[in-house]
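Can you keep this structure in mind? I'll have questions shortly.
Chain lettering (A, B, C and D) follows the sequence in which the chains are written, and residue indices restart at 1 in each chain.
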Amino acid sequence: MYVAVKGGERAIERSWDLLSSNRRGDEAVAELSVDQIREQLGLAVARVMTEGSVYDEELAALAIKQAAGDLVEAIFLLRAYRTTLPRFGYTVPLDTEAMLTERRISAAFKDIPGGQMLGGTYDYTQRLLDFSLLAEGGPRAVNTSTANHSAAQQEAMPRVLALLDKEGLIEQEKQHADAPEPGDLSREPLMFPVARPVRLQNLARADEGFLLAVGYATQRGYANSHPFAGEIRYGEVAVELELEELGFAVEIGDIDITECQMINQFAGSGDVPPTFTQGYGLAFGHSERKAMAMALVDRALRAQELGETVSSPTQDAEFVLYHSDNVEASGFVQHLKLPHYVDFQSELELLRRLRAGIEKEAQREHEADAQQQAHEAQPEPSEENAA
Amino acid sequence: MNARIEESAMAEGYNFAYLDEQTKRMIRRALLKAVAVPGHQVPFASREMPLPYGWGTGGLQVTSAIIGRSDTLKVIDQGSDETTNAVNIRRFFARTAGVATTTRTVEASIIQTRHRIPETPLTEAQILVYQVPMPEPLFRLEPRVSESRKLHALADYGLINVKYYEDIVQHGSIATTYDYPVLVNDRYLTSPSPIPKFDNPKMHMNPALQLFGAGRERRIYAIPPYTKVRSLDFEDHPFTIQQWDHECALCGSRDSFLDEMIVDDAGARMFVCSDSDYCQERRAAQEDA
Amino acid sequence: MNFSTPALPLLTGRGLTKRYDGRGGCVDVDIDIYPGEVLCIVGESGSGKSTLLNALALRTPVNDGTLHYRSVEHELLDLFALPMPRRRMLARTDWGFVHQNARDGLRHGVSAGANIGEPLMANGARHYGRLRETASDWMNQVELDATRIDELPSAFSGGMQQRLQIARNLVTKPRLVFMDEPTAGLDVSVQARLLDLLRTLTAKLHLAALIVTHDIGVARLLAHRLMVMKDGRVVESGLTDQVLDDPQHPYTQTLVASVLPV
Amino acid sequence: MLPDKLSSNLHGADAAGIDLATLTPGFNDTVHDSQGVFRALLDALSRPGKIVSIDAVLPDLDQDGSTAAAHVPMAAFAALLALADYSTPVLLQHEHRGLSDALRFHTGAPLTHDHAQAVFAYLHDAESMPLLDAFSLGDPETPENAAMLFIRVDSLTDGTPMTWRGPGIRDSHAVRINGVPDSFWHERALLASQFPCGIDCYFVHGGSVIGLPRTTRVEVV
């Protein structure tokens, strides 16, 4: 007797319980606090904020805890929450030159005004597992309190790329007066062809893994951008909002960001003298790999506007921008789990019909051959009688 | 500074020079075949190292496979022993192999380098190990490795000449200034690694053995000593190297590669030898004189 | 069209068979091409003529048959046994291959001069000035304006790109050129001038050419000898005038009859 | 000397046990000895014609009580110990129990009779050496897959003089190897046109080697 599959609700509730118990893990182990995540998993928080496109360290930490460390799930939680937030307006463009920098390096020059500032980085740690961290409450490696913001420098740090501009060697990212307001990707859907400001918004919230792969490809010949890390800076920047009633901008807070400017292959033709070109990347928190990959992809996507031949997918805006968002990608890839038995049924039926048809055809041919042979095997009736 | 690290300071629990013997044997066989077919990229099973891909893992694995207790190691990046990556790699070998290290080119038996060839001429007793990001000289014109391999197999190098012909059409001269491909032993087109073209002539008929390690791309190749290395050019657009109209602010040299440093906001510049050891030696000599 | 066939053929194919799964391909074709001779293979689309051309030019492997080529040193080479490097060398020096549309036969990222000069550079030419002279000389030979030597192929019209492709293939003075529908897709006036050019060049350079076309008019204008193909087989072959004026095979007759007077 | 035919059934019959009692010891310091041997081999192949001594400490490899002729030069044994492993089939021209047991035990290298499979080959008797092109020559895309031969010779210093040129040699190098048949040089010259395919060899005598990569041009004076 066929029992229809019911009990969906019970199954879902049961799975919630399972989920929360899996997330909690062994009760004997102290529960992970949101503060611990925010303080000690800051780089994960930075990624979730960047791709979740909400700058709130606590919410991002909460999302990570709730998602049991699955960052793509956490990003999704933050994006969904973001929808509930009203839009006050647009801030004044961030002045990243006035950044309180904690780290600032350039690969293009041995030394730069304001100095190369190594700051805290994994770059020169030798990737040997440090087993001392296994011990709970291990020795405090270094007096970390001094290592955070207080070590940041306020001293003027002019942009390396501005120095190149003094000799007119690099195209400048100056906004010309009549430039239209940049679109807002969270309000209007992506419509091609896409202006660079909107492309940058897409790349800013794009999945870091995807950007990394596409950026890597541009270095291996799938675009031809000869990148140099012109400048990478990480630090604190003030956020200001212009309030109509006051008529001037008010600082509403500070955020940590990482900014990367790549110096790329020079472009120029007969009449226009060749200059270096730029790729730009920006991300919340200390997200250097993201900012660098973004700058590589940004430059690759500018191939068309710089008159370069578009020869690879990394330069194809539709390919890159339509597939960069991991909330979309994760959703659509995993939607295949949803029941499809109605469609599958129709495919099944078609397949059976086709196979049946072929079998019938083969059967018919077989009979025809059999008749043919039977006909040839018979001796000519006339001769036999005559013999 | 010739620091000998005592045995105890070496990281305990790690193989001599980090790699296990099995991996060393595999790399050593690849090195011998690389020497036998100068300029040909020999694939090898490159291992992850405690250094990111693209930061010198190929050079690290080659040095690790050839280095012995009696060797003296020098490591430079952009020509200087003091750059952070050079310091990092030198310390790595001090910890895992306990070998003597030096910053003086003349004292080193093995020199691992990124982006420069030392100004001081090398001898037959030395081995130069290059860190190589992109071993395939044709990658910008033909990114697919399956295709570029065929071009090498057949010495079918029309493609790169077309690029240089076109450079001359567009820019009046060949527009490659670093990683300038060379023809080794009149047969293999080879990437010298991203050294400035200024250094290319030093590769020709060099008394020292030159080994190239590309970790991320998993290739090893070699230029044996006293081997013909010719930079690609046209007869009427011959290969030329950069001449400076400045001299080194510290040692006055005019024939070494100079780094340009921006000293103030107004963009004032200063030029200094990129090879710190060479500059140091010249200054020491000038003081004695 | 008088042409005394010299004793030894340049290229000899016997029993050449190439089957794709169920459709197209060519079956059991015998063929000889003599130095300086222009041989046209005529057939409708799907007749297997392009398959045969690509098989002869060693661009697609065959299922069966033999192919021999007489090198400039009068050495008879078994092409199917020739190691890859020798085959590639042959393709770069002795042979040319003109594609139906120029897009497949040109390098679009570089100038016309670079396109024409590339085969010479691949064979070791190292003098920029002389390369340019040769390239502009060849642009004149194919009736292109040599002052446009530095323009990209995309700046040239379809017919002009085809001339560029022809120049790129003839610059190394090959002994045998394969042409896949060289004038197809061009409007009639451009076609006529291009055919005229091909005729003068093949004669002047004493060039053996194997031309595949569906157009009887092209065959009549260019070819010394003709082969008619249908469903992968050679149904008729012989001197051009004989075949066209007195076709024996019914298929050839319909083919000839269906042609509008050129 | 066992003629080729007889030794061909070597592999199957006694592959089973390695007689530990008579097993010849390998390097006493594998890590550093292997490194030293390798550097000597690298130097020899980088500078063809140069006589390079291998100063690893290895016992003599004698077959039980047989004449000196059966004695495998230390340089060949050291080189195979340093380079061979499970992934490199080794071919011995003549059956040599001591050497094959030592190689199988210390390096795990499989022994083979198929010349085309051999990554390394020890040729004890240069006069009756197999044809060069019986070995793998590599192919144009992977010339590194060619075999490497260790050829025992009577002397590295008092043979008829030859002039070597090519990579690794500033201009030319006078080389006096004794005990290599003319047929070897003739066969090798024929392979030159197939570069990058070819064969790389070491001539071994006692504790010394001379390297001969495929790029070296040999002029028999």
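In the analysis below, contacts are C-beta pairs under 8 Å (C-beta built on N, C-alpha and C of every residue); 3 or more make two chains touch, one makes a residue touch a chain.
Please read these numbers as outputs of a predicted model, since none were measured by experiment.
Enquirer: Using only alpha carbons, which chain's centroid is the nearest to the whole structure's centroid?
Expert: If one averages C-alpha positions chain by chain, the most central is B.
Enquirer: Quick one: point me to the chain whose Cα centre is farthest from that of chain A.
Expert: Result for the farthest chain: D.
Enquirer: Can you give the whole-Å distance between the Cα centres of chain A and chain B?
Expert: Spacing between the chain centres: roughly 34 Å.
Enquirer: Where the CA atoms of chain B average out and where those of chain C average out, how many Å apart are those spots?
Expert: Chain B and chain C have C-alpha centres separated by 48 Å.
Enquirer: Averaging over Cα atoms per chain, report the distance between chain C and chain D in Å.
Expert: Result: the chain centres lie 52 Å from each other.
Enquirer: What residues in chain C touch two or more of the other chains?
Expert: 84-85, 109, in rising order.
Enquirer: Identify all positions of chain B at which a residue touches two or more other chains, and write them in rising order.
Expert: Where chain B meets two or more other chains at a single residue, that happens at 153-154.
Enquirer: Mind pulling up the chain C residues that touch chain B in the complex?
Expert: That would be residues 84-85, 88-89, 92, 107, 109-111, 113-114, 117-119, 121-122, 126-129, 131, 150 of chain C.
Enquirer: Once bound in the complex, which stretches of chain B touch chain C?
Expert: 153-154, 156-159, 161-163, 165-166, 168-169, 233-237
Enquirer: Which of the residues in chain B come into contact with chain A in the complex?
Expert: The touching residues are 11, 49-52, 78, 84-85, 87-88, 91-92, 95, 134, 136, 139-143, 170-171, 259-265, 267, 272.
Enquirer: For chain A, which residues are in contact with chain B within the complex?
Expert: Contact set of chain A toward chain B: 109-113, 118, 123-124, 126-128, 156, 158, 163, 166-167, 219-222, 224, 269, 274, 312.
Enquirer: Can you list the residues on chain B that touch chain D in the complex?
Expert: Residue positions touching the partner: 15-16, 21-22, 24-26, 28-38, 40, 42-43, 65-69, 124, 149-150, 152-154, 185, 187-188, 205, 209, 222-228.
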